[in-house]
Structure formats: structure tokens, C-alpha cells
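The two complexes that follow have chain A in common; it is paired with chain B in the first and with chain C in the second.
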Partner chain A sequence: MENVGLFLCTGCEIGAAIKTDGLESLARECGAKSFVMHPFLCSEEGVATIRKAVDDGSVDSVLIAACSPRAKTAEFRFDPLKVSVERTGLREQVAWSHPHGEEDTQMLAEDLLRMGLVRIKKNILPKPLDETIEKTVLIVGGGMAGLSAAKAVAGMGHPVVLVESSARLGGSMAGVKDAAPERPPYGELHKNTIGELISAVQGDPSVRVLLQARTVHIAGQPGQFTVDVESPSGKETFQAGAIVQATGASPYDATKLGDLGYGLTPDVVTSVDLDRMIAKGEIRRPSDGKPPRRILFVQCAGSRDPAHLPYCSSECCVTTLRQVAAVHRDLPGMECAVVYRDMRTPGQMEHFYQAVQEQPGSMFTRGEVAKVEKGPEGNLVVRLKDSLLGPDAALQADLVVLAVGMIPNSADSEAIRALRDARVGAEKGDSDVQRAHAAKVAEELAFHEGTEILNLEYRQGPDLPVLRYKFSDSHYICFPYETRRTGIYAAGTVRAPMDAAQAAEDGWGAGLKAVQCISAATRGEAVHPRAGDISVADFSLQRCTQCKRCTEECPFGAINEDVKYTPQYNPMRCRRCGTCLGCCPERIINFPEYSIDAIGSMVKAIEVPDEVDEKPRVVAFLCENDALPALDEAAARRLSWNPWVRVIPVRCLGAVHVVWIADAMARGIDGVLLIGCRKGDDYQCHYMTGSELANKRMENIQETLTRLKLESNRVRILEISRNEFDRIPQIFADFEKTIEETGPNPMKGF
Partner chain B sequence: MAPLADVFPSAEFRDELASRGGVTAARCYQCATCSSVCQLAPDDGPFPRRQMLKAQWGLGDQLVSDPAVWLCHQCNDCTVRCPRDAKPGDVMQTVRSLMVEKLAAPAFMGRLVAKAGSTWPLLLGVPFLFWVLVLYAVTGLQIPAEIKEYNDVVPHWLIYAVFFPVAGLVTLAIFPSGLRFWNLLGSNGKRSGSFVVHLVPVLIEISTHKRFGSCDAAASRRWGHFALLWGFVGAAVTSGLLLLAIYVLKSEMPLPLLHPFKVLGNLSAVLLVVGGAIVLYNRLVGGDRTGASTAFDNFFLFVVILLIATGVLTEVGRFLFLPALNVWIYILHLTVVLCLFATFPYSKFAHMVYRTLAMVHERMTRPV
Partner chain C sequence: MNVSSPRPLLVVGAGIAGITAALEAAEAGKEAVLVEREQAVGGRVLRSHQYFPKLCPPSCGMEINVRRLEKNPRIRALTGARVAKANRSADGWSVTIAVSPRFVNERCTVCGECAKVCPAKVPDPFNLGMNEVSAIRLPHPDAWPRRFVLDRSACPSGCKACVDACAYDAIDLNAAGREETIEASAVVLATGWSPYPIEKLPEFGGGRFQDVVANVNFERLASPSGPTGGKILRPSDGTPPKKIAFVQCAGSRDVNHLPYCSAVCCLASLKQATYVKEQIPDAEVTMYYIDRRAPGRNEDVLTKVAAMEGVKLVKGKVGKIEECAGGLKLRLEDVEAGRILEAFADLVVLATGMVSSLKGEKPPFEVGMDDDGFGLDNPGASLFIAGVARRPEDVAASVRDATGAAAKALMAVRRSA
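Here is the complex of A and B:
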């Protein structure tokens, strides 16, 4: 930017913390065209000062040196197409966290101003996206979640196409008579209202339902998906703005549960079978058609068992409670014994559990089924182990019901892609060895063939990535419906095990997200967490070496490849995390307000005192999602930290380029800290993989250090979560100690 | 504990238990809070979790032979701490009342007392009618001008003529029940040592209530029961001593106030009044600590309180009331005593026998 205006606020103790006399000349030296000091910049009058300078054209970019970029966002919002705005958090990083009037504090503030000024000079104004955006939402799956999503989306005025693979709507709840209680006192069965929901959706003129249909191809990006669907009425193509995947789950295959007696006699059935009997109003023994006198329910049938499903499906216990209550209602005097390992009754269902338990004829006991065998009178004998009744307890029953868990109807996108890559490799590999290896991989993954659901034309695979146990991707900690495919939201049991009420809520949530995504696309904005960001990445493709790193590492699959592996960027899939920027060895990927050069300049703008001054310098790259808020919180609580640390907020640890570290080292800075979010199974990274990628790239960084003949402990990568603000001072102190032990950077002064 | 093979629950037993106050057993989810807080449960046989489970499942056969049911003093430490309000203390008490009925001989007496909620007019009315008719026949129910001693109202010989045979019959009735119970317990563990040798420490334990004292329960429960026990013992001993005074020593009746026998009798009366007051107070205001009030419990308590009240009134009424009133108070007192005697094997009173046997059994089966 050409005309940078520095607006310095002296409120909130900033004026007391630093000497402001020399700052104007500092600003001019760093290229600021104007310098305004204001005692209360976020006041109406202060904001008006900035607005006036912007409106009369005297500045085209504004550096607000006041509070953290996370504070006063409404006050300091200007038209991003007219003016570039950067914020320097003097309040949090200087005034609230360091002793006022000291030399180190002054040096810190001046460095931060220099860094802010050189950075904003490198900014360019974003060019707005101007695309045609389709408002239709595609919903895949017509069960509880999909129907709820359809209702939500249609209610907000968006057209819906609902694609259902079977011949009827309702999913697994369609054949169920009752619902677990949904209202206080949570003691009695409710009517299953899926029928009403189906009628409402079918009767809605803005919803088009395609039965026995499947998505055979989806290309494009949010706002512009091109969807091909095949149904008995032929193949059709339409546009969709966003997608909800609510493909549900299937009951676990009971034929694998022979050790629980399945298949021994027809009188061992699954909970799904019993639901059918209850719906028909005929609870009968399949073997002789007579009503049973005692039903024994086996909980966790195949669940929480490494040999079958290692996880808890979370709803089987409530399903059994619902069935016990229905049996008591339909056949008074019947006995229902429930053998469980642990009854799990999420939410308010504990009340239901108690109510069912107190019904005469209900028996609940802890234990595991050791064996089911034929009984003396054509009935069944269920032998228990680990039961409180002793080692050899056994129960007779006329009907045994296995409460089976659920398997998500998902497709393992990454595995399918690996399979496709291996097939190509088996044919076109460079050597016999490579071809043989690829063929072997292809054979191992062959069972994924034909499992595709969405059939996305994405470089990273045709479906949503899956998490543990093949449940579809979801940022389950912070944003449950969000997946790593922008504009595609997972809802219901495909996302996580849940009951019908939760699935309905999930459908609503995902539907709202889909509509939100379409409206963001209409404005050319990113969806969260950089909601409102209109800038998009710029690829200088003439310098691209087709290394495929960006297409592989983009957490959101935003970048496709052409046949020559040249990246094809889909801006509306992009979440602006900057992971591609961080990985590109040629440094050809930049954002208008977040470029390699801009951040690199910040590093270079830090004044590094001579070795004799014994004032080491540390650059800390802080993720703006967790680490920076933690720092702000530490400042708000007046915690103090080492004044030699210079903080640079980054979009994500994945968006830290190695060259910045090299820049810092070359400049004589003694150490570099990277502080990001938690990684691993319970990751908190808003961009899913940023923190993990940064850790992987550390190897590369170590190499760089070795090349520069520097000690590898000058760079440290750490995880912090937002609530761990109290760790901040210690983190800086510990690193300072390491740097002291290692000694000053030998590059100082070069 | 012997392995439980082929457990087939009995819905009847469970329903019966439920209908008599044990309905809360269904709420138990076997977390074992009860067993861990129970001060009385031995380390190698914790209760009442297992008993809750058996109650829930209707495994009556196993409960009947389970000494733990009787080792419980229903201090309700478990009930107040149960996270699911399954009231193990109440369930154990219900099981005990059910067992008293099951073991009763003759069986119809067991059923009669078990249903005291509706049969109490009969249980009290028959002894009352008995006394009225007998006295009418013997003395013509004449009201003396002044009651110097109660021999004037009911001759001593008549008292003995009634109560000696009744006591004999009751002993005859409780003996087979106790024996059956003892045999049932025997199926539950191998005993060693002699009954008498183990009875002694049990009796010492009973006489001190030391075990009861280890419960968290308010000390008042322990001391209330303690006072009642010793009050009854004192009253029984006094009755024996009176026989001595009347027929052997030929002392002049009524005995002077400071006569040792009289002192003992009055001391017992004081203990009974104090104990009865504590127990009644706990029952009325005790909440969870006291447990549910079933007809079985209430009938027994009612009879005991009535016994104490009429007993005291009989003694002091001689100086306060008109002879006519005193005569009827005395008849009422005799009615209650007869009722208590006659229902002894079938009411809560029977715990005296069953709990003692269970405690001896428990000592005899302890691992050496």
C-alpha cells in the first residue's frame, strides 16, 4: 500500500506505558504518510478521525496501534475493498503486560510499530469474487437428519433437492412405532413423529425428493456445485450451492454375533427385528408364532468389543428402554430382563431408565453373555459371565434381543483415493518393483471400490474424509457439522453415533450451516473461522514446479490438479488458512493481506541489539485462533512476560513458512517459537491439520538450521489451548532459558 | 458363597416383595455404594448389594437362607447414601418381614400378622374379648371399691393359668420355625464349632449393642433399642421375682415402693418408657433414617407402645383414677400382653430369635 496512516491510541494505559515523543519520526522512517495520536481511538470521534482520512483519500491503508485485533472489531471495521487495515496490539502486548516506562518496554512497542508498518505496506487490496451462486441445497439421505435439514433449509427460503437411495423416506426411524421421551418428566414413550416430518417435507413445494437415487458425480465448489444424480427416472444434472450429507448408519451385521446365539434359533433377533414386531403390533416368537413370556435383551451386542465395533453407539441402551416400555404397554405381564455391561443413558434418558426400571416385569442386571443355548422347553438359556449373581448364572427366555450398534454409511475418501492412485501406479509405475507394490496396495484396498457416496471431483478423494471408526469428518469439538470440505456438512449418525432426537437436531444444524455457507459465498466471503474474509489466495503459476504439496496438504481439498499436476484453486472451497502458503517451496502462494513477503518483512523489521547489549530477541509466531487469544487473556489478567519476545500472529501454524524462520535466524534473532493448537485425535486446530503439518515441517526447519550452522533448539514448537493463558509467561521464560544456555545467535551483526 | 447355577428368577417373589414395601429394589443399579458404607457388613461377605440384586431378580430361595439379611440392623446408612433412592435398608426389612411370614408355624398365623394393617382389630380384639369373658366368668367383672392390689381385680392364679400355657404354645411354635431357619442357613456355608460356645459372645454382643453402635445412624436408634431390650428383660425378671415373692416368700402385696423387686420393676418401666419414647420419636420424625413404615413394623411398634403405656397407667392409675377406669386399663394391659405373647413368632418380635441365630451362624462360618 502506498499511503499508510498510523493511528496510535494512547488510551487503556498505552500512553502511560511508552514515551510517544519519537514515534512520529519512527513512523515516517518506516514509510507512514500520516501519524495520528488519539487518547481514545475507539470512541466515535476517534473512529471518525480514521474514517475521514480514508474517505478523503489521504490514506489507503490504516495501521491501528491500539488493542488486540480481537478487540473492538465492530468499531474498527472499514470497507475491505477501499482500505487495508492492520492492527498492532500495543494494549495487550505492551501496556498490560510490561512495566511502564522501561527501556525494554519502549523497544518492544517501537518494534511492534515497525513490524506493523512494514507489513501493511506489503498488503494489497483484495479483488472481490464475483460469481453466480446457486441457492439450492443438496441433501443426501432422507432419514431423520436429512429430513430435518430439508425442513430447515426450505424454511429459510432455499430450494432443496433430497436424494434418497432407498424407495422411501424416513431412514431407520421409518419402521419404528415409538420415540423415547422428548419432554419432561421423560418417563413415558412418545409417538414417533417421523411420518409427520415426511409429509411436511414431501408437501413442501420447494423440496424435490428423488427416491432410489444416488449422486454419481459432484464437481465444483460451494455456490457452484454441479450435481449429477441417477434415479429410476433417468440421469439429471443440477446446480447446488451447498451439500448436507445425512446418509445415516446401518445396524451391525448380527450374523457375526454367533457367539451371542444369533442364528442358533429364529428366536434370537436384533433390536431392529423387535422394532418391526412392535410396529406391526405382533410381538411373537419367530419359531412358533406364540407370544413370548420373557424377553431377554443383550446390550452392547457386538459393541465396545475390539472384535466387532470398538465404540459405543450411544443409542442402543435407550432403544432397549423404549422397547421394554413398548413391550410392557402392548403385552402386560410380560417379563423383560436386560443384561448390560453399563447402561448408558445420555441427556435426560436417565429419568426414562429409572421409569422403565420401576415398571413391574423389568429386570436390569449387569453381566455379559457367555453363551446362548437351546433350553429345555423350546426356549433359550442365556448363560452369563461377570455377572453379580455369581460365576454360573443363567436365565431362561423365550426371545433374545441383541441390541446391535451402528456402522456409519460413509465412504473412506482417503482410502478410495489411495486405491485409485495405486491402480494407476500398478499400470504406469516407473519400475517393476513400484508397479508390484502399487498392485499389492490396490488389492488390499479393493474392498473400497464402489463404496463412493458423493462422488466428488476433488483431488483428495471422492467423499468426505473419515475420522475414527469411519464416521464422517466433523470438527466435533468446536463446530460439529463442519467437515474438511467447505460447503459440505455431515449430519446425523453418519457423523457420530446418536439417537433420533439428536439426529434431528443435527439435521437442523447442518441445514443452517449450508444456508450460511451459501450466503457467505454470495458475498464472496470465507466461512468460519475467517468469516467475512473476502481475500483469496494468489497462485503465481508460472513459477509452479507441480510438486503437489499444496494439493495434498490443503486441509479442505480446495485445490484440484490438472493432468500435469498444476494446482487448480477453487476459491470458494478455500477457508483462507494459509496452509498452502506455508507448504509451497517456491513461495508462489500469497494472500493479499498475508504474504510471504509481508510476514517476512515483519521479521526483518525487528531491531536486533548487538551481542554486547545482552538483549536477546525471540520471534513467536502465534496462531490467531487459540494462542493469540490466550496471550490476550494473559494480558487482560495482567500477567507479565519476557519483553524480548516479538509476537507475530499467524492464521495457523500451518501457515508459517520456513523462510520466515530462516529470515529470523539470518537477522540474528536468537530463537523462534511456534505456538499453535492441540493436534492429534482431540485436535483443536480450526484448520484440522495446521498444527500437525507444522510439526512435520519441523524436520525441514531443523535441516535449515543445520545448513546455517545453528543449534536446533533455537526453534521450538508448542501447543496451547485457549484456556491455558497462564502458561504464557512460563513458556517464554523457559524458552529464554534455553536461548541463554545456547548462547547468542552467531549471525548477529552480519 | 456357593456358586449360583441356573438362576431363574421368580416374578411372584419379586411382586410380593414389591407389594410389601420393597418396590424400590427395582431402582438399584448395583453400584455397591450400600455395601461400601455399611459398617456391619463383614469384609468377606459385603451386603446389601447382593441382597438388593437377589430382591430385584426375585431370587427368594437364596434370600431366605442368607444370614446377611438378619445381620442388618436397618440403621439405613445405605438408604441415605443410595444415589438412586433404592432404599436398601427398607428392602432388607421387607425381606425379613417376608421371611418371618414364610417361616411361621402355623402358616395362617404368619399371614394374619403379616397383614396386620387390616387384621389388627382381630389381633387385639380376640385377646380383649378373651379377658372380658374369662373375667366375667371368674369374677363377674366386679369393680372393687378400692384397688389395693390387682389381685383384687384379676387373681394371680388366673394370670399364670393363662400366660404359662400361652408361653408354652409360643415356644412350641417358634421352635420349628427357628429350626427350619437354622437348617436353611446351614445350606449356606459350612459351620464349625459348638452352637453354645458361639452363642455366648453373640449374647454379649446383643446385651451391649456394640455392633449397632458402629453404624453411622444416630446414636438414639441404638440407645432406644438398648433401653427397650433391657426394659423387657427387667420386666420379665420382675415377673419371675414376683412369683417368688408371692408363693415362696409370701410377702405382703403390694410390695413397698423401696422393695428391691419393686425397684427393679420400676427401673424396667423407666427403661421401657424412655426406649419407647425414643423409638416413637424416631419413627415420627426420622425420615430416611427410619425407613418406610409398613403395617408389619407399625403393628409391632403400636403393640409395644400400648403395652408400655397401659403398664405405666396400671401402676400409677391406682393412685389417680377411679377403680372402674383402672380395671379397664388393666384389662387392656393384659390384652396387649397376650397379643404380644401370641404374635411373638409372627411379628417383628421374632427377630429376637432369627437375628440371634443368624449371628451365631455367621460366627460359626467365619473363616478360621
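Here is the complex of A and C:
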């Protein structure tokens, strides 16, 4: 930006903490065109002075040196297309956290002002996207979740194409007679209304249903997906703006449950088999076609078991209750025994549990089934362990129902991609060793062959990445619909284990997310978590060396490659996290208001005292999502920390470039801290893998340090949670101690 | 999308469900008004130390949600606000909102000078009354709107110490409430829940024994922003407990109290056991349960905690708790062994359930409820229920539910447009 205005607030103790007399000349030296000091900048009068300078064109960019960028956001919001705004948190980082009037405090404030001023000069105004956006939503999967999503999307005024791989709609609920009571009366069975839902969707003129169909290719980005579908009526191509994947789950393979008697006799069946019998109105022993007298239900058949499915499938307890109630209705007087480890009937399902328990013929007993054996009279003997009925209790039954869990119908995108890469490597690898290794990998991953569902043309693989237990979940408690593919939302049992009612809700929610993504694309805005951001990345491709790091590391698969490995950026897939900027060795990726040069200039603007002054300097890159709020909170509580630390907020640790650290070292800064969100299985990183990638890059950083003949402990990466404000002073103190022990940076003064 | 009708969607309640419903609708291009009774958004979730299963702080997601709220031009949040009147209009609702005076205006910079001089102390509602705060204060550390509030009823007669201390002219002791009427196209009720009062459990000494605390209070004891700065201490003597008992289904799955299961208490206790073990590694933790309900991948939490040294999970129903020398004596039925047992603890956490807000003072909409006070959608009236006002459920389910409710509301809006 050309004309930077520095607006310095002296309220909230800032004026008392620092001497302001020399600041105007400091600002001018750093290129500020105007300097305004105000005792109460966030007041109407204060904001008016900024607005006037913006409106009369005397400034094109505004550095607000006042409170944290997280405070007073409404007051300090200006049209992002007209003026670039940056904030320097003098209040939190200086006035509230450091002793007033001291030399170190003054130096800190002056450094922060220099840093803010040089940064904003490097900003450019964003140019918003203006693209043609398709409103149609593609829904893959026509079960409860997919149908509900279709109803929601169509209801919100968007066309829908619903692609179902089987010959009929309804998914796993289609063959089921009853529904568990999701609304009152809770004590009894309800009618399964999937038929009405199917009719409503089929009868909706804005929904096109394609049966026995599959997506063979999906290219493009949110708002502009090109979808190829194959069905018995041929191949067709259409445009879609967003996608809901509701491909459901499959029952766990009961043939793996030999100990529970499956395969031993036909009279050991699964809950899916029993649902078929109930739907046909013929609850019979498969062996002799006679009605059973006693049915025994085995809960957690293969679930909550590390040898099979370690998780709980969430719905099997209620499914069994539904089936027991149906058996009592269809065959009064029949005995139904249920052997369970824990009955899981959360919420109002507890009423249903009580009601079914009270029905004559119901018996619920806590225990585990050790073995199911053939009994003497053609019946079955179910041997229990760890049961209330005694150490070696056994129960007789003439039909055993295994309440099997669910496995998501997902495709392991990353594995498929690894398989494809390995196949290429096996053929075109550089050496025999490499080709042999690739061939071995390909063999190990061969079972993923043909498991593709969406067939996305994404560098990072053809489907949604799967997470724990192969569910296409986000792992976010607060944001369950967020996936790692922008505009593609998972819903129903492919996302997490859930029952039919929950799957319906999930479909509604995912439908809204799809509509929302299209709405944001229409406005040229990013979606979660930087919803509303209108900036996009700029790739200076003439300097690209085709190293493929950005295409590999983007957490959202936003960047494809052409045949020469040149990155192809898809702005509407981009979440603006800056991970690509952080990984590019050629520094060719930049955002209008977050660039390598801008942040690097901040580092270079720090004044580094001579060694004799014994004032070490530390640069701390803080993630703006959790670490910076924790710092603000520490300041609000007037905690104090080492005044030699210079904080630079970043979008994510993934958006920290190694060159900034090298710059800091070259400048004689004694240490660099990177503080971000938790990584690993329970990640809290809002860009999923940013924090993880930053940790991996630390290896390169260590190399850089070694090359510069510097100690590796000068750079440290740490995790902090949003609520751990109390750790902030200690983190800085500990690091300062390390730096003191290590001694001053030998590059000082060069 | 043809939902850009000028009449907004009205969302009542700004806990995690309400915030989500309003944000998801607004980010889909719809105008939304979010009405919150308290003086800051966030509701119950911000009073939790961590969420299960990831053991992460609620303020982490709320940080993003607040940023979304601040940035979105289509959403308006009214705090300290209640629905005073609601009438069906031709194709929506005409709703009168009563906004109570905050006595602190937008000029507040949260500098805190007023609190320093305030002579009046009140029980801190954010910390469930476990400590005292100034009558003038930030509602809680993560409060949004980020502005102080004054509990005027606590002011000593004639006192204006805060007004004199405020350099920004942000305090108006004579501020008046106001009313505004909103013509809403549809309504989402996300009014949440309250904890089942432990005073209703005299057999457990609820409300009488200091060292018998509710799970919601235990969350505050573990939170760095709580009354003990995050240290788990016995309320009676301020010492770290050594033997902690979690009593599951305290007043839940019980026809005399709450007949339903509150769906979160098993995981809440498992999560709280991790707080204890992290702070007091040699503490003995026992959890007395009827069923261990950890659906989905929450099973991992159960597996992890059950394997921790010093943690025991006992299938048993606690019948009575008495004070005894140096602690508390629990009488329980050990269901496995079929006998009555006694156990000792020096701190007991009652895993109490969730009571639907609609059971108490409910907003004036014609809302259908089940026998337990959980709300039922009324699509014909463009009235939808989200979160725990609809059904006992955890945070992720509330978010899913609220997103779905927003979708239903937008669909109803379009149908009526």
C-alpha cells in the first residue's frame, strides 16, 4: 500500500505505558504518510477520524495501533475492497502485560509499530472472485441421509441430482418394517416412513434420481464441479455446485463371528436377517421354517472389540429393542432374551427400553457371550461369561440374533492415491530398488483397487480422506460437517455411527452446508473457518520449480498438478489457511494481505540490540486461532511476560515459512518460537493438518540452523490450547532461559 | 437461492445450538436475528472445561464462531434479551423482544477500572455461584459481546463509583430497557437446558454436604477460568481430594426424578476422571454406573479411562450418601455381586442430568412438548427446535441438529415466500 496512516490509541493504559513523543518520527521513518494519536480511538469520534482519512483518500491503508486485532472488530471494520487494515495489539502486548515506563516496554512498543508499518506497506487489496456458479447439488447415496439431504436442498430452492448405486432408494431402512420411536409416544413402535420420504423425493420436480448409477469422474471445484455419471441409461455429464456424500454403512461381516455361532447352523442370524423376516411377516427358524419359541439377541456382536470393530455402532441396542417389540407384536408369548454389555439407549430411547423390558417375555441380562453351540435337541446353547447369572451360565434358544455393527461405505482416498502412485513407481521408478519397493507397496494396497466412490480429480486422491475407523468424519465437535474437501460434505453413517433418525438430521444439515457453500461461492467468499474472506492466493508460476510440495501439503486438496507437475490452484476449494505459502521453497505463493514479504518484513523490522546490551530477542509466531486468544486472555488478566519477545500472529502454524525463521536468525534474533494448536489424532488445528505439517517442517528448520552454524534449540515449536492462558508467561520464561544458556546469536551485528 | 426474504430467521438462545443455527443460515445468505437471555453468547458449553471425546476446550470452537458472528453482515445478536410476546403472523411470527438494560454501553473497552472500585459483590453466575465477582464485570473471560455488564440490583444506594472510574463514559446507571418487534419468517428455539438440581437428591446429601458436587460444578473446578483457577479442590477444606466417586444416573433413568437418560453424563464423568488423574495422579477414582453409555467413537474414551491406573468402574446403583469422619460414605448395591456395599470417598461428583429449558419458563410460542418437556418441531407454524431443548444430546449432536433445524427453517421460509 502507498499511503499508510498510523492511528495510535493512547487509551486503556497505552499512553501511560509508553512515551509517545518520538513515535510520529518513528512512523514517518517507517513510511507512514500520516500519524494520528487519539485518546479513545474506538469511540465514535476516534473511528470518525479514521473514516475521514479513508474517505478523503488521504490514506489507502490503516494501521490501528490500539487493542488486539480480536477486540473492537465492529468499530474497526472498513470496506476491504477500499482500504487495507492491520492491527497492532499495543494494549494486550504492551500496556497490559509489561511494566509502564520502562526501557524494555518502550522498545517493545516501538518494535511492534515498526513491524506493523512495514507489513501493511506490503499489503495489496484483494480482488474478489466473480465466477459463474452452478446451483445444483449432487447427492451420492439414496438412503435415509441422502434422501433427507435431497429434500432439504430441493426445499431450499436448489436442483438436485441424486445418484444411487442400487436399483432402489431407501438404503438400509428400505427393508425395515418399523421405526424406533423418535417422537412420542416413546414406549411403542412407530411406522417406518422411509416410503413417504422416497415418494416425496421422487415426486419433487427439482430432484432427478439416477438409480444403478455411479459417479465415474468429478472434476473442478465448488460452484463448478463437472460430474460424469454412468447408469443403465448411459453416461451423462452435468455441473454441480456442491456435493453431499451419503453412501451409508454396511453391516459387519458376520462370517467373522464364528465363536458366536454364525455359520454353525442357519439358526444363528444377524439383525439384518431378522429385519427381513419381520418385514415379510415370517419370523421363522431358517433350519426348519418353524416359529422359534425363544430368541436370544447377542449385543455388540463384533462391536467394542479390538479384534473386530473397536467402536460402538450406536444404533444396535435400539435396533434390538425395535426387533424385540416387533417379535412380541407378531408372535405374542415368544420369549426374547437380550445379552448385553451395556444397554445404550440415550435420551428418550430410555423410555422405549423401559417399555420393551416390561413386555412379558422380555429378559435382559448383562453379560458377554463366550460361545454359541449346537444344543442336544437341535436348539442352540449360548454360553456366557462375566455374567450376572453366574460364572458358567448358559442360555438355551432356538434362534440367535447377532446385533452386528456397521462399517462405513467410504473409500480410503489417501490409500487409493498411494496405490496409484506405487503402481506408477513400480513401472517408472528410477532404480530397481525403487521399482521393487513400489511394487511391494502396490501389492499391499491392492485391495483398495476399485473402491473409489466419488472419483474426484484431485491430486490427493479420488475421495474424501477418511479418519478414525474409516469414517469420513471431521473429528470436530464444534464443526461436524467440515471435511477436508471443500464443498463436499459427508452425511449419515458414512460420517459416523448413528441411527436412522440421526442420519435423517445429518442429511438435513449436510444439505444446508452444500447450499451454503454454493451461496458463499456466489459471493466470492471463503467457507469455514475463514467464512467471508474474499482474498485468494496468488501463484507466481514463472518461478515454480514443480516441486509438488503445495499440491501435497494443502490440507484441502485445493491444488492439482498438470502433466509437468505445475500447480493448478482451485480458488473455490481454498480455505485461505496459507499452508501452501508456508511450504513453497520458491516463495511464489502469497495472499494479498498475508505474504512472505509482509511477514518477513516484520521480522526484519525488529531492532536487535548489540550483544553487550544483554537484551536477547525472540520472535514468537502465534496461531491466531488459539495461541493469540490465549495471549490476549493472559494480558486481560494482567499476567506479565518477558519483554524481549516479539509476537507475530499467523493464520496457522502451517502458514509459517522457514525463510522467516532464517531471516530472524540472520538478523541476530536469538530464538524463534512457534506456538500453535494441538496436532495428532485429536487435532485442534482449524485447518486439520497445518499444525502437523509445521512440526514436520521443523526438520528443514533444523537443517537451516545447522547450515548457519546455529544451535538447534534456538527454534522451538509448541502446542497450546485456547484456554491455557496461564501457560503463556512460563512458556516465554522457559524459552528465554534456554536462549540465555545457549548464549547470544553469533550472527548479531552482521 | 430464493430465501433472501427480508424477514429474518429468529433464533432464540445463543448456546452452541442457537449460534450454529443462526450462523449456518446467515452463511447461506439468510438474514438472522439471534436472541440471548444472558449478557453474552455461549450458553452452557463455555462453562465446560473440556469437550469429550477430544478433551479440547469449548472456547476453541467458540473463538471461530464468534469471529463468524462478528464478520457476518446478515446476523444480528441481541443479548440480555427475552422474547416477551410472539404471535403468528400470516406466514411467520411477529415477535416482541424485551432487551434489558446492560448499564454499560458500546464505549466500554473492558479496561476493568470500574470493577476495581465497585464495592458490591455478587455470586458469579458464570461460575454457577461458586465464587463472588463485582457487580460490574465482564460476564466471563470469553464473553461476546466483549463489554462489561452491571448487575444494577446489587448497587448500594447512591453509589456511582464505577461511573466516576470510567474514563470512557461507558456507564449509564439510568439506562432503560427497550422493546423491539421482529417480523420473523421462521423461528428456531434453541433454549437449552439446566442441570437437574442436586437439592432434589437429599439421599445423596445434595445441597447439604459441601463435598458432594454436581458434574457441572466439577467442570468449573477444573477450568483455569473457574473459581479455583483450575485446581480440583474439596469445597469443604480446599485440599486436593484423594478418593473421588462419580455417581452416575444421579436423578436420571429414575421415574421419581428424570425418567430419561441425559445421554452425556457417562462421558462427562469419564472425561472428568481424566481431569482428576492429570492433576492428582495418585487419586483413586471410582465410577458407579448402571450402563456405560459411550456411543460411536466415544467408546475410545471409555476404553482409555477404564485402563487408567487408579480408575475403577463399578456396576452399581448408589442409594445413599452420608457424611462420616473425614469424608463421605456411599451405600450402594453392587449389581454384579448382588449385595449391598459401602464405599468411601472424600469428594463425590453427582452425574446429574439435563432438564429441558422448555419445562421451566418457556418462551411464549405455541410449542408442543413431550412429557419430559422436550420440544417438538411444528413445521406448519415454521417453528423448529434445536439442541437440548429438543432432546438430551452432546455438543456434536446439537450442532448437527441445529444445522438441520436451520435447513428446515429456510425451507419453511421459502415455501411461505
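Operating definition for what follows: the second predicted complex is superposed on the first by the 723 of 750 C-alpha atoms of A that agree within 3 Å, B and C clash if a C-alpha of one lies under 4 Å from a C-alpha of the other, contacts with A are read in each partner's own complex, and residues count from 1 in each chain.
Simple rule for what comes next: contacts are C-beta pairs under 8 Å (C-beta built on N, C-alpha and C of every residue); 3 or more make two chains touch, one makes a residue touch a chain.
Not measured: the values here are computed from a predicted model.
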Which of chain B and chain C A:346 touches, first, second, both or neither: second
Partner chain in contact with A:363 - chain B first, chain C second, else both or neither: first
Contacts of A:621 with chain B and chain C, given as first, second, both or neither: neither
First, second, both or neither for A:395, with chain B first and chain C second: first
Chain B versus chain C as contact partner of A:489, first or second or both or neither: neither
Touched partner set for A:67, first chain B, second chain C, both or neither: second
Dominant toucher of chain A (residue count), chain B or chain C: C
Touched partner set for A:335, first chain B, second chain C, both or neither: first
Shared chain A surface residues [contacts with chain B and with chain C]: 343, 354, 366, 388
Contact footprint of chain B on chain A as seen in their complex: 335, 337, 343, 354, 357-366, 381, 388-396
Chain A-touching residues of chain B, taken from the complex the two chains share: 1, 3-9, 11, 14-15, 18, 23, 26-27, 29-30, 49-50, 53, 56-57, 59, 84
Of chain A, residues touching chain C in the complex: 11-13, 40, 42-43, 67, 71-74, 135, 152, 155-158, 183-184, 186, 304, 310-314, 342-351, 354, 366, 388, 468-469, 471, 473, 475-481, 496-498, 502, 505-513, 515-516, 518-520, 522-523, 527-529, 531-532, 625-626, 629, 633, 636-637, 677-678, 682, 684, 686, 721-726
For the chain C and chain A complex, residues of the former touching the latter: 1-3, 16, 24-25, 27-29, 49, 51, 53-65, 67-68, 70-72, 107, 109-112, 141-142, 146, 167-168, 223-225, 229-230, 253, 259-263, 291-300, 303, 315, 335-336, 338, 370-372, 374, 376, 391-393, 395-397, 399-401, 403-404, 406-408, 410-411, 414-415
